[in-house]
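Order as written gives the chain letters A, B, C, D, E and F; numbering starts at 1 within each chain.
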Amino acid sequence: MNDRDCHPRRFAGWDEGTFLPHEVFAGLEPPYSDLQQARTVILPVPYDSTSEWRSGSRRGPQAIIDASQYLELYDLELDREIYKVGISTLPQVEPLLSSPQDMIDRVCKVVKSLIQKEKLVVLLGGEHSLSLGAVRAFKDMFPELSVLQLDAHADLRDEYLGTKYGQACIMRRIFELCPISQVGVRSLSWKEKQFLTQRKLRPFYMSDLTSGTASLDQIVDSLSEDVYVTIDVDVLDPSIMPAVGTPEPHGMSWRQILDIMESVTLRKHVVGFDLMEFCPGEGPGSCAYLLAKLAYKLVGYTMPQERR
Amino acid sequence: MNDRDCHPRRFAGWDEGTFLPHEVFAGLEPPYSDLQQARTVILPVPYDSTSEWRSGSRRGPQAIIDASQYLELYDLELDREIYKVGISTLPQVEPLLSSPQDMIDRVCKVVKSLIQKEKLVVLLGGEHSLSLGAVRAFKDMFPELSVLQLDAHADLRDEYLGTKYGQACIMRRIFELCPISQVGVRSLSWKEKQFLTQRKLRPFYMSDLTSGTASLDQIVDSLSEDVYVTIDVDVLDPSIMPAVGTPEPHGMSWRQILDIMESVTLRKHVVGFDLMEFCPGEGPGSCAYLLAKLAYKLVGYTMPQERR
Amino acid sequence: MNDRDCHPRRFAGWDEGTFLPHEVFAGLEPPYSDLQQARTVILPVPYDSTSEWRSGSRRGPQAIIDASQYLELYDLELDREIYKVGISTLPQVEPLLSSPQDMIDRVCKVVKSLIQKEKLVVLLGGEHSLSLGAVRAFKDMFPELSVLQLDAHADLRDEYLGTKYGQACIMRRIFELCPISQVGVRSLSWKEKQFLTQRKLRPFYMSDLTSGTASLDQIVDSLSEDVYVTIDVDVLDPSIMPAVGTPEPHGMSWRQILDIMESVTLRKHVVGFDLMEFCPGEGPGSCAYLLAKLAYKLVGYTMPQERR
Amino acid sequence: MNDRDCHPRRFAGWDEGTFLPHEVFAGLEPPYSDLQQARTVILPVPYDSTSEWRSGSRRGPQAIIDASQYLELYDLELDREIYKVGISTLPQVEPLLSSPQDMIDRVCKVVKSLIQKEKLVVLLGGEHSLSLGAVRAFKDMFPELSVLQLDAHADLRDEYLGTKYGQACIMRRIFELCPISQVGVRSLSWKEKQFLTQRKLRPFYMSDLTSGTASLDQIVDSLSEDVYVTIDVDVLDPSIMPAVGTPEPHGMSWRQILDIMESVTLRKHVVGFDLMEFCPGEGPGSCAYLLAKLAYKLVGYTMPQERR
Amino acid sequence: MNDRDCHPRRFAGWDEGTFLPHEVFAGLEPPYSDLQQARTVILPVPYDSTSEWRSGSRRGPQAIIDASQYLELYDLELDREIYKVGISTLPQVEPLLSSPQDMIDRVCKVVKSLIQKEKLVVLLGGEHSLSLGAVRAFKDMFPELSVLQLDAHADLRDEYLGTKYGQACIMRRIFELCPISQVGVRSLSWKEKQFLTQRKLRPFYMSDLTSGTASLDQIVDSLSEDVYVTIDVDVLDPSIMPAVGTPEPHGMSWRQILDIMESVTLRKHVVGFDLMEFCPGEGPGSCAYLLAKLAYKLVGYTMPQERR
Amino acid sequence: MNDRDCHPRRFAGWDEGTFLPHEVFAGLEPPYSDLQQARTVILPVPYDSTSEWRSGSRRGPQAIIDASQYLELYDLELDREIYKVGISTLPQVEPLLSSPQDMIDRVCKVVKSLIQKEKLVVLLGGEHSLSLGAVRAFKDMFPELSVLQLDAHADLRDEYLGTKYGQACIMRRIFELCPISQVGVRSLSWKEKQFLTQRKLRPFYMSDLTSGTASLDQIVDSLSEDVYVTIDVDVLDPSIMPAVGTPEPHGMSWRQILDIMESVTLRKHVVGFDLMEFCPGEGPGSCAYLLAKLAYKLVGYTMPQERR
């Protein structure tokens, strides 16, 4: 639970502690939640039109924000109060159902405006295809952008269920824009395997991480200076993250994903990141809390210094 | 449970009763389930890309077919074994995720081919927008077609969440093709109300049915000879059908919907019907069974005589 | 909730109100829960080996007893405290899994011993086949016994899934022992229909009750003086009792089942009754509470006078 | 779903329709959701420390507000857009866990300040004991206040589980302040019955409503001019409202509660009302939507004229 | 999700990609799913009459087959498309409820016929007692058969709940037929311990695997040339497989079970295997997917070469 | 499942094996379950009035006792039948809802009387604040008592939500009574961190255990001779214990908690222990079984020798 003693909740002239915070990430209050001053922006996008099996990632952002109300604002590992960098929560982006491309465009437009405001963007999905919108926006600003993808699947199909912009194809589209580095992959189609071979791409497979074949340094070295990180939460092990569409066994532990992200943020410039494909109805409530804590810690890793 | 004694299940030369029926509506077996011979075809379409709140109607068709395995094949009310008209179950239509229109086109194409085979089409959704595909197909064959819509909502918006082909707009699109008669409506937007007034349309509101203002005869009289019936299952009362996206209180009872359908099928030529917007995860399993029984009885009402 | 003020809970010399009652029906305490003195005995049998579709009636008795802790002990309709007749709760009967017949024999043996103690037996199932054990026991003592069956299904198959003692056949077996009167039936197999016709049996169909064709008097008149009542809880409407294996639409309301039972208990000698086929996992918790209240009220109807 | 076309959502200079509304009742936006201008205030209080059996009413307010996002803003029955009276949503009141009295005091204090602002207060619980806080506040302003209680239980115990301020005792406490009129009661303890007899009180029992013994006029006549309405949502039938702690069978229908409230609001001055004891986890999602619609309609009944 | 591009789904003359695959393991299509040509046969047996606590393993086979639709057909570890060996899915075997022995006999009969067709049998349970049927069938053909049991429990009781053929006794029955090797056991009764001591049997306890006392080689060496593998899925750790009747802490990881099976299949002739006691309702959907992937990989391990 | 052969269940003169055991921990029977003779007492306290987010720990004790019916009475690791020390189960302590302090006092009083009877007390919560009652009782008898707290959180706030006796403050209150040693902590508020620093306290953080910084010996050495162990079950990893209010990632494994408890019980005098904050509704049923097994094993560790 939160230690709100030092950041009292006030509402409409009331005594401290009469009202609970509005639904803002981590229950933050002005000035920390203020869009103008906050260095970080949470962007929730409840859209899941192209998911195949178990739908429900549209409810992911709300579930993460709900759970974040119960985060401790102080982080024991980093020994600081991360929220002091300012974390503002935008309202949920309204779905645009005409076609996946249209929705991707909407996300791109919103992210661009946030980049212009020099915010660290934290996109909460929603389905993975939305990441393309974010990458497009960042690519414009950072021409040397590379994308770090933490994911159980390669998502490199060329087309799937009649669209080139569904979740199964989205890294193929992103790869057409900029270099990608895939970590944690443990499930591939035959055609994806062929595509990887053809393009001389090699993911850091989950088995490489387990066997020690792949080191943190290798992962970091595979990236350019400016990095966008897209996390399909199914990269995590189903024991701690069953709430996804296709929960592949033998995934990352909590410690593994933190170690990777810590290394990357230390040595690279992370311009934004996302947490995608969380289907809260498919697992226990602990999943939402884990992702809220993950998002909060990643903000801490990415923004090491507090300006205020 | 089924009385399978008289229609033994055989598989691969095995004794009767060794294997359970495949996943075919009501567990039927050849010749009754045979596409060539069956007069009725169940067409399951697991698609729900434009639903707004609670998704999950993509799982509706499977849940109804699962539950139908436990139907009694003999109908007590009609005093006959309805399945003898032949009811074939097609595999689920694959979603096409490029845009709602593309998916509607796919449904239209499949339904057309079934019309040419002179089948009674029973479409199991999936979201309501798919009904447009069916209506387009029937309109081609039956130029005087009218559509009877049993629904808690009017679905007459012009556009919603960026598309003119989402579930909230679908009766507006259908109305552009042919006359519609709306029954059971109990929730409207202001703009829909204005549209109805402007076009001099008046639904048979749920309150009209309850108060006796609207009679079964009036409903039937509002239709042309050839009728397609589209049922958004939220027309039913939430006490028996909570498993929908927007469960409006004060809906139809089991007996009310049967009475309406019996009257319509007695006096009109029903060319096909659908059951849409069933979200099995949002209510108890009794909902799927109720819809399986409803579909089965409607086939019985629509096909009064058995040819074989 | 209970008004325990007047029947204080004491345990091991503790003050009133320190401990909650053990898991005894309605949380009763001695002397009311005492087997020797109680006129009524609750017999929970958590067995469901022959159920076909949705299992879970094994958990029915526990769920009803759990919910009964929250019953008001005073009954507003009868204007008395029913428990004063004494209601003792036996431990759950251990399943015997060698065959359905063996389990039926065990139930028969237990019920016989309770009859000898002159108890009103209230059997909580578990699957419907267990009722045969109870009927056999009562038939021995009351040679003119008839059985009133409240059920959505006839359960008159001769054999099903390789056994003559499964839930689908159990009324056929009971009918071989004594006359039966079926009320609330709304689903039949073709063979069951033929059997009824052949034997000149006619259930009081649910549609007879709704249309007024069948009166309460007719139901009561169809019974002999000594009556065992077996209630498959799927006789109730799925709106209030979805938690059953095969929830047939258009069932009995709360008031209907009470009216029937009130009429029968007023004019006949009810020797025992059961509540069977409750699958608590298939519906909301309200179902267990409803059945606890039903069981309690039926005890009140059956035992109009308090002796203590 | 909402017809937001005419009340566009704008956020931070964005085009209409880019962002979804914040979590405000019915998704309203300024000026309609503005505390200063709104004539109605939604006050959510997520507190349930004294509930006995199934906890979870602390999650009731959030669930109702979530569901309200999908309400149509136009009301078909009243033929108007109710929200135009202005409905502001306060943040959730923070629980105070030192004792039930302390929390009741907090609610009293908040309600008083809203009365001074001349708002219609709509309290969303949380447990029933909170209503005492509201009644105390209104009693100060309206000395002739009477309380209309719609409830399956009398809640007239003097003490329960060691407190005089728990949900089981709350109407006893309220009755010590002002006259009460109880409607829909169908479960009582023996001591409550004695108390009623002693004080010459007689609830309008649910059976009186069903049998026609109690008329709407009698209910209205039993009230003073200024009325606070407290609704324990278990007054509704478990078929439409299983999501309560103690779901007593044979409760009110949707139409019955609306008829009572329409009569009362037409002839009396309703100063505020509440919806209490909703446990969203105990039933399907349809329950939250029903209560959101009920709250919205009651605002419409209570505030017949729009000033703006 | 599947990469179906190279194995197009065709139905009734339709274009590729119009219909989804029928409910066949992994959504395979002819010729790969063809019973004649397939070298592997999936045999689903939805029976659970003797399970004690939490029932529901009857729903296990269907859940695994449902989940298998979303498997990638290409296996990253084995670098091949396993399905090319041919995997045919039989319809579910109908339960026989007269007694556990009768059902075991039915399974035996079906398995025998599959052995004669030289198929690799993959039995999906259903309760563990069914394995006896399979072992009997294989023992006839392979007189030197040994059985490798992966299980959290020894299942060596002589009788339980009145039957010698329930799940708790089944390895005792199998041990009467042929040698067994038990791996992963971590819960025993006192009598089972005595039985093991008496017979000089020693399971490879889970603690032996963790501590390194037991090596893969020792496990393999304990087996004869022809091996039937029976897997009670509760051998897996509850963190990844909570969906079992008695989920003992400290079980096998995904990697551990794969390593054991890989070793065994490399050095021995595995004639068939089963996955038993999966209760899908007791855990998240990730469990079904894990078991589908496990079954698929075990087919790959067992059938290293593709003939087509 | 249990091996009840050697401890036959008898009831009211019936043959062994006719009735299932009453709801007593592990289904024990006299003399082992007898309060007089048992050396251990299970004390279930279903109270959760001050929990903040997800309520439901009131249902924890019942769920653990339910699950314990399926424990093997023989413990493989300890190679003995632990229950022979005698384990008696008290009825659930009735909640006292006037204030948290009053309830803590009630627990204190009950525990004191058990200490006087020289029982090992095993408190099953319910919320963590109840531990204060137990500690107060033990402190009286053992003036040098220290408290070992296994917990993901420090629970060292001074006040929270208006009370000094809520779950978030309870270790602060206990620390005012006697020394505490905290193990497994991985989430702190800023003020708690300051308090720890100020008081020169240092928890054995979870990261210390993982990195090997903290040894078992150090943990044991930090304690006095007489130790009360309070276990907030959220100390366990969410992969095996998601059923808690605030499930912090990266917690203890099954083996880790056993190793700590084994070391402590070997070298110290453990006077009692508790398992708190288990919310059964928030995770799969495997959680209740794990805790039942944990409680049983801890009794075994704490009571190494059997006297009978």
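Following the convention adopted for this analysis, a contact is a pair of C-beta atoms (placed from the backbone, for glycine too) under 8 Å apart; a residue touches a chain by one contact, two chains touch by 3 or more.
Remember, predicted model here, so these are calculated numbers, not experimental data.
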Sorted by label, the chains bordering both subunit A and subunit C are B, D, E, F
Chains in contact with subunit B and also with subunit F, listed by label, are A, C, D, E
By C-beta contact count, C-D versus D-F, the higher one is C-D
In terms of mean CA position, the chain most removed from subunit D is E
So, in whole Å, the Cα centroid of subunit A is separated from that of subunit E by 37
So, in whole Å, the Cα centroid of subunit D is separated from that of subunit E by 55
Residues of subunit E that touch at least two other chains are 17, 52, 94, 160, 162, 237, 239, 284
In contact, pair by pair, are chains A-B, A-D, A-E, A-F, B-C, B-D, B-E, C-D, C-E, C-F, D-F, E-F
Per the touch rule above, subunit C residues touching subunit F in the complex are 9, 11-12, 14, 17-23, 35, 46, 90-94, 106, 110
In the complex, the residues of subunit D that touch subunit C are 52-54, 157, 160, 162, 168, 185-193, 205, 207, 210, 237-239, 242-250, 282-284
Note: in the complex, subunit F contacts subunit D through residues 48-50, 52, 55-56, 58, 94-100, 102, 160-163, 166, 281
As the complex stands, subunit C meets subunit D at residues 1-3, 5-6, 17, 69-70, 72-74, 76-77, 79, 81, 237, 239-240, 254-255, 284-287, 289-290, 293-294
